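Alright, structures below, take your time with them.
One chain, chain A, links the two complexes that follow: it is found with chain B in the first and with chain C in the second.
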Partner chain A sequence: MAVTMLGYIEQNSVIHRLSGFTKLVVFLIWSSIAMLSYDTRILIALFVVSIFIFKLSKIRFAEIKFVVLFIMGFLALNTLAIYLFAPEEGVRIYGTRHLLFELNGRYTVTLEQLFYQLNIILKYIVVTPAALLFIVTTHPSEFAASLNRVGVHYKIAFAVSLALRYIPDIQRDFHMISKVQQARGVNISPAEKLGKRLKHASSIIIPLIFSSLERIDVVSNAMELRSFGKHKSRTWYSAKPLMQLDWTVLIVSLLLFALAMIITFYDGSRFYNPF
Partner chain B sequence: MTTPIIAFNHFSFKYYSQVEPTLTNINLTIAKGEKVLILGPSGSGKSTLAHCLNGLIPFSYTGEITGTLHINGQQTDQLDLFSLSKMVGTVLQDTDGQFIGLSVAEDIAFALENENVNQEKMELRVAEIAKLVEMEPYQDSAIHALSGGQKQRVSIGGVMVAEEVDLLLFDEPLASLDPATGHYAMQLIADIHSQTNKTMIVIEHRLEDALQLQFDRIIVMNEGEIISDSTPNQLLASNKLEQIYIREPLYTKALKYAGSNIEANQQPEQIEHLVLSEQDKRNLQYWSSHSSVEPVTIVEPRNPLLELRDVSFYYQEKQIFSQVSFSIYQGELISLVGRNGAGKSTLAKAICGFEPIDHGEILFNGTRFDNQSISERANHVGFVLQNPNQMFSKHKIYDEIALGLVLRQVSEQEIRTRVEDVLHICGLYPFRNWPISALSYGQKKRVSIAAILVLNPRLLILDEPTAGQDLRHYTEIMDFLCTLNEQGITIILITHDMHVMLEYTTRSLVLTDGQLIADQSPVDVLTNDTIIERAQLRRTSLFDLAIKAGIEAPAHFIKNFITHDREVRRTWQ
Partner chain C sequence: MNKHLSIKTIVAIGIGSAVYVILGRFLTIPTGIPNTNIETATAFLTFIAVLFGPIAGGLVGLIGHALKDSLLWGSIWWSWVLVSLFVGFFIGLFSHRIKLEEGAFGKKQIIQFNAVQLLVQAIGWFLLAPVLDIVIYAEPVNKVFTQGLVAGLANIVSAGVIGTLLLAAYAKTQSRSSSLTKEG
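Now for the complex of A and B:
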């Protein structure tokens, strides 16, 4: 079977019991702080809290390992690119220069640059658990409701959640079509030449597109016949009402946001400068 | 008299893309609370009629309308899709495609959500509807984990949930259900009718199974016109059905073959209530003992072409089938039957190598088969999907059929001769340069078979080749398969159509819960109550008729009927 993609993971935890709306708002606050602040102390604090929240959710690392590794790989690439394009960025920001050693030509390694890049890595590491937790602990049925509640139009919210829902169906179709075409001699294994593989892949993708279009036609008729799109708003059967716990979490994270902003901008710059 | 719920008045409709009108001069009124069957072969306009009722015409599919249609006294072209869908609830044919919610309760609630009903009210209403469609204990279940029959109940719930709906429209509710589940679905519709007295309109071409619902009226359509509007008993007593391609109930057909006339007062609507005169019984008995049955050709024991030995298959630690063993001999035409989800398709996929088996061995022509690759196996065994569109990737018919050979790097000269041979066999030669998209469904089906045949397999497995086809297309596809069979190709049909089993195949393999529970002649399977119940089949009405007529050997009577019927239908062509 295909690699299980990022999806809802059933568990009974405090985090799962929170409304999807709360989790989405917390995620947005979390990423705003991480985006705005270069204050290392705050980023480290957020990271520690993220790990703690992750433990609370009872999600095992193994269950999201694939995605985390993927993000980490991407992060490594990103870090390398920043260094290649702007090796002196740290020096420019912090205004001092502690040279560690020199590499080739304009590439030097300074304490400032290392510190700057550490901050960037921290930003990613802080956002990742929050984003993953929102996705894996929010039931797909609640997903659209949460998006709608933060102001996304319900038609767009619905489109997003339908797309997520159809991934398994389309995977199944793909599996079937690719086997049938393999029986006719289509070969997309790495042993084939790239050009041929692309040509062969089209004989799987074309029928897949047509069968997906058929699917869309049926479901859009079914939705219209049941009044989808009639009013400017709609209600959600599986939206969770906000409980006391949700309010507490929302207030705490807003306070946290304010606190983080105060600390970050206290000295007039969003960079924390130890030098 | 109160206002009728539906009133068509000199109504005609023509799609902009077509030259001829699809509906011509329809005059039809239906009163509140009636149960009406709209019957007709493919292309008779019955689906178009349904689209006019639920508003997809003219609001999604455009065309030219003349005459009027009033629903609840309102003229429909002055309403909009939403006001119409409030009055008319439609249960679509494709049960899988029409679900929007993930869980049962969520899907039932969909229409309420769109009407901005608050959560509290929604929960009460959903629970009420779940009870009505007998899905109360499953409200939190995921839809994809349900059986075919349960899914259909959810889709009925989803349209009934809007309180104002006073007309329910069912578009071919029997199409994808096994016989027992179909029977149960009709029962459920009847129960809902007696509890709510809503108007029920069912569109079907499977008459015998639909009759279960005890309709007030049957409207027969052909070529865009209404050709009959009568009670079921009157319709069955007439000879209207013979003129169009609708399958009569087997028991009335048998009576006609035996030389009896059917009168409306004999209550032919259901075999249970059918009254046979002494003359009818004598006719049947005489016909049974005198008509000529071809001696059954007993297949000499030979070496099997395909042999399965103790084959087991697990999927995500769940057993799909276990220790299945059987043999298929050269030249056989076999049916593989069982309830929806019994593992029939998976078994076929395992034979073709689409799924690996976990235990046992598969032999083809005496050599090990299960360790060969998919494309090696495809040189011997061809698998034809249910939906032909799932395999087409070329524009022209010729190229599509040639694809398998091109990929096998066969010389151009040989490709040409082999493709042309197959085109002739499949009756597609005149169309060889046509685009596939210009073909009818039945022709596409042939192209999909041709694309497999060109690899010269000795065994062909077809998944539900006749699903959703009316009698004419059904006969066309099945006769084509018989021609192939006569030319020496061994065929396995995966089906839950009892007519396919009975009329065409010589042996049935019955699969239930992953076990092979029977391997015998279709007549024996369809008269054995234990197998029928376990595999969710239905006993053929011919058996009941034989018992009613006091015939001592019902199995013999049934075989007689099939042979005779096949002869009669052959003359249609």
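Now for the complex of A and C:
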């Protein structure tokens, strides 16, 4: 089975050379702006900037194409659902009504609704390049070091790094168990009835859980033997020191955050109203 | 909190999150309603919560769900990730009294576990998820409540059927504390 999951992609670019800490902070700032703001101007500006940063990273589009397709599919469904449930939400938010045409019954098409849905789509795609970049340009072991640096306790940071370390192993276990069960006649295809499928799913999960519980025992014994958690803090082999470039990026993105917040909340509402 | 964080809990959080990601990626069962799946990962989350307690449950919910979202979708839907945290934590908190290690998972424990998971998940998915969706993403009210209702029902079924099966299977492998009898 093809492994369609994102992972670290090795490249030599400015973005890769940045410290994981810097990238994590920028990612957090980016998603906070996208979550808080509903200001179209800011969202568009952020989107343009993130496309530019993406170019800098030398990551080829083909390498992340499947995720982008996933997101497009999701966005399309979400947009449709919003319209079906609330065709007049935009009118309610912006307080005016510019009717374009009527479909039938409650389904009208207004400028406000189109604008509102455009904003929702923007809000979602603005985060995507930043998140994608963060994932594909930060080495997993550096990620834990950066988490620790932004204030997450090192034990939790270590748990995250364990998760990233074991995803490939568990994935291999999963496929093996799934094949074994199929060889024994368990039909996991959609042809079966719902109740049967639930039962068959458990026949895969149960062995997976037992092998994972065993793993938990082995790994925690190994860590215990090496006195994990004895001290208040720890150092990280893969932590990168902050360079001048890191500081520049950090300061610029903090300023950007402040600016975005001022523009968004300047008129007392998170929505930018052109009407 | 760190005082209570044993090495075993930390490793359980790490590996548990990895299992959550894999189950979320590869083992979902379509219900027949478009875009609504029964997530086996949720059943696994409730299992971890009962076995390792509220902190492990909450953090597997948070880390597992956030990693799954970012590795699969490239971005994180924070409102639902927070609900997973909530669900893992509170199921762990209320059902940690079920002593699986002693092999006791009979009718009483099944009812206790399901009452807890039903209540916690109902609050989480029917109420918390839509409210967070509205606060963060300003989505239409009736849309997010319908979505929460459907997802919540699917997750309750998942935990109720698969979660119960998992707990029972695990309890069976543990020797009962009262399995020894004194010979006359």
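Here is the rule we use: the second predicted complex is superposed on the first by the 241 of 275 C-alpha atoms of A that agree within 3 Å, B and C clash if a C-alpha of one lies under 4 Å from a C-alpha of the other, contacts with A are read in each partner's own complex, and residues count from 1 in each chain.
Convention: contacts are C-beta pairs under 8 Å (C-beta built on N, C-alpha and C of every residue); 3 or more make two chains touch, one makes a residue touch a chain.
Computed from a predicted model, the values in this text were never measured in an experiment.
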| item | value |
| --- | --- |
| First (chain B), second (chain C), both or neither touched by A:Met223 | both |
| Which of chain B and chain C A:Ala131 touches, first, second, both or neither | second |
| Touched partner set for A:Ala86, first chain B, second chain C, both or neither | second |
| Touching partner for A:Arg197 - first (chain B), second (chain C), both, neither | second |
| Partner chain(s) touched by A:Ala62 [first = chain B, second = chain C, both, neither] | neither |
| Which partner, chain B or chain C, touches more chain A residues | C |
| Touching partner for A:Ile206 - first (chain B), second (chain C), both, neither | both |
| Which superposed partner A:Leu103 touches (first chain B, second chain C, both, neither) | neither |
| Which of chain B and chain C A:Ile262 touches, first, second, both or neither | neither |
| Touched partner set for A:Arg234, first chain B, second chain C, both or neither | first |
| Contact residues common to both interfaces of chain A (with chain B and with chain C) | 162, 165, 202, 204, 206, 210, 215, 219, 223-224, 228-229 |
| Interface residues, chain C side, partner chain A - complex | 2, 5, 7-8, 10-19, 21-23, 25-27, 29-32, 35, 38, 40, 43-44, 47, 59, 63-64, 67, 70-76, 78, 136-143, 146-147, 157, 161-162, 165-166, 169-170, 173 |
| Interfacial residue positions of chain B with respect to chain A in the complex | 54-56, 60, 81-82, 85-86, 90, 92, 94, 97-103, 105-106, 109-119, 122-123, 126, 158-159, 162, 316, 349, 352-354, 374-375, 377-378, 382-383, 385, 387, 389-394, 403-404, 407-408, 451-452, 455 |
| Complex contact set, residues of chain A against chain B | 1, 140-141, 162, 165, 173, 176-177, 179-187, 200, 202-204, 206-207, 210-211, 214-215, 218-219, 221-231, 233-239, 241 |
| Complex interface listing, chain A residues touching chain C | 5-7, 31, 35, 38, 64, 67-68, 70-71, 74, 77, 81-82, 84-86, 89, 93, 120, 123-124, 127-128, 131-132, 135, 153, 155-156, 158-167, 169-171, 174, 178, 190, 194, 197-199, 201-202, 204-206, 208-210, 212, 215-217, 219-220, 223-224, 228-229, 270-271 |
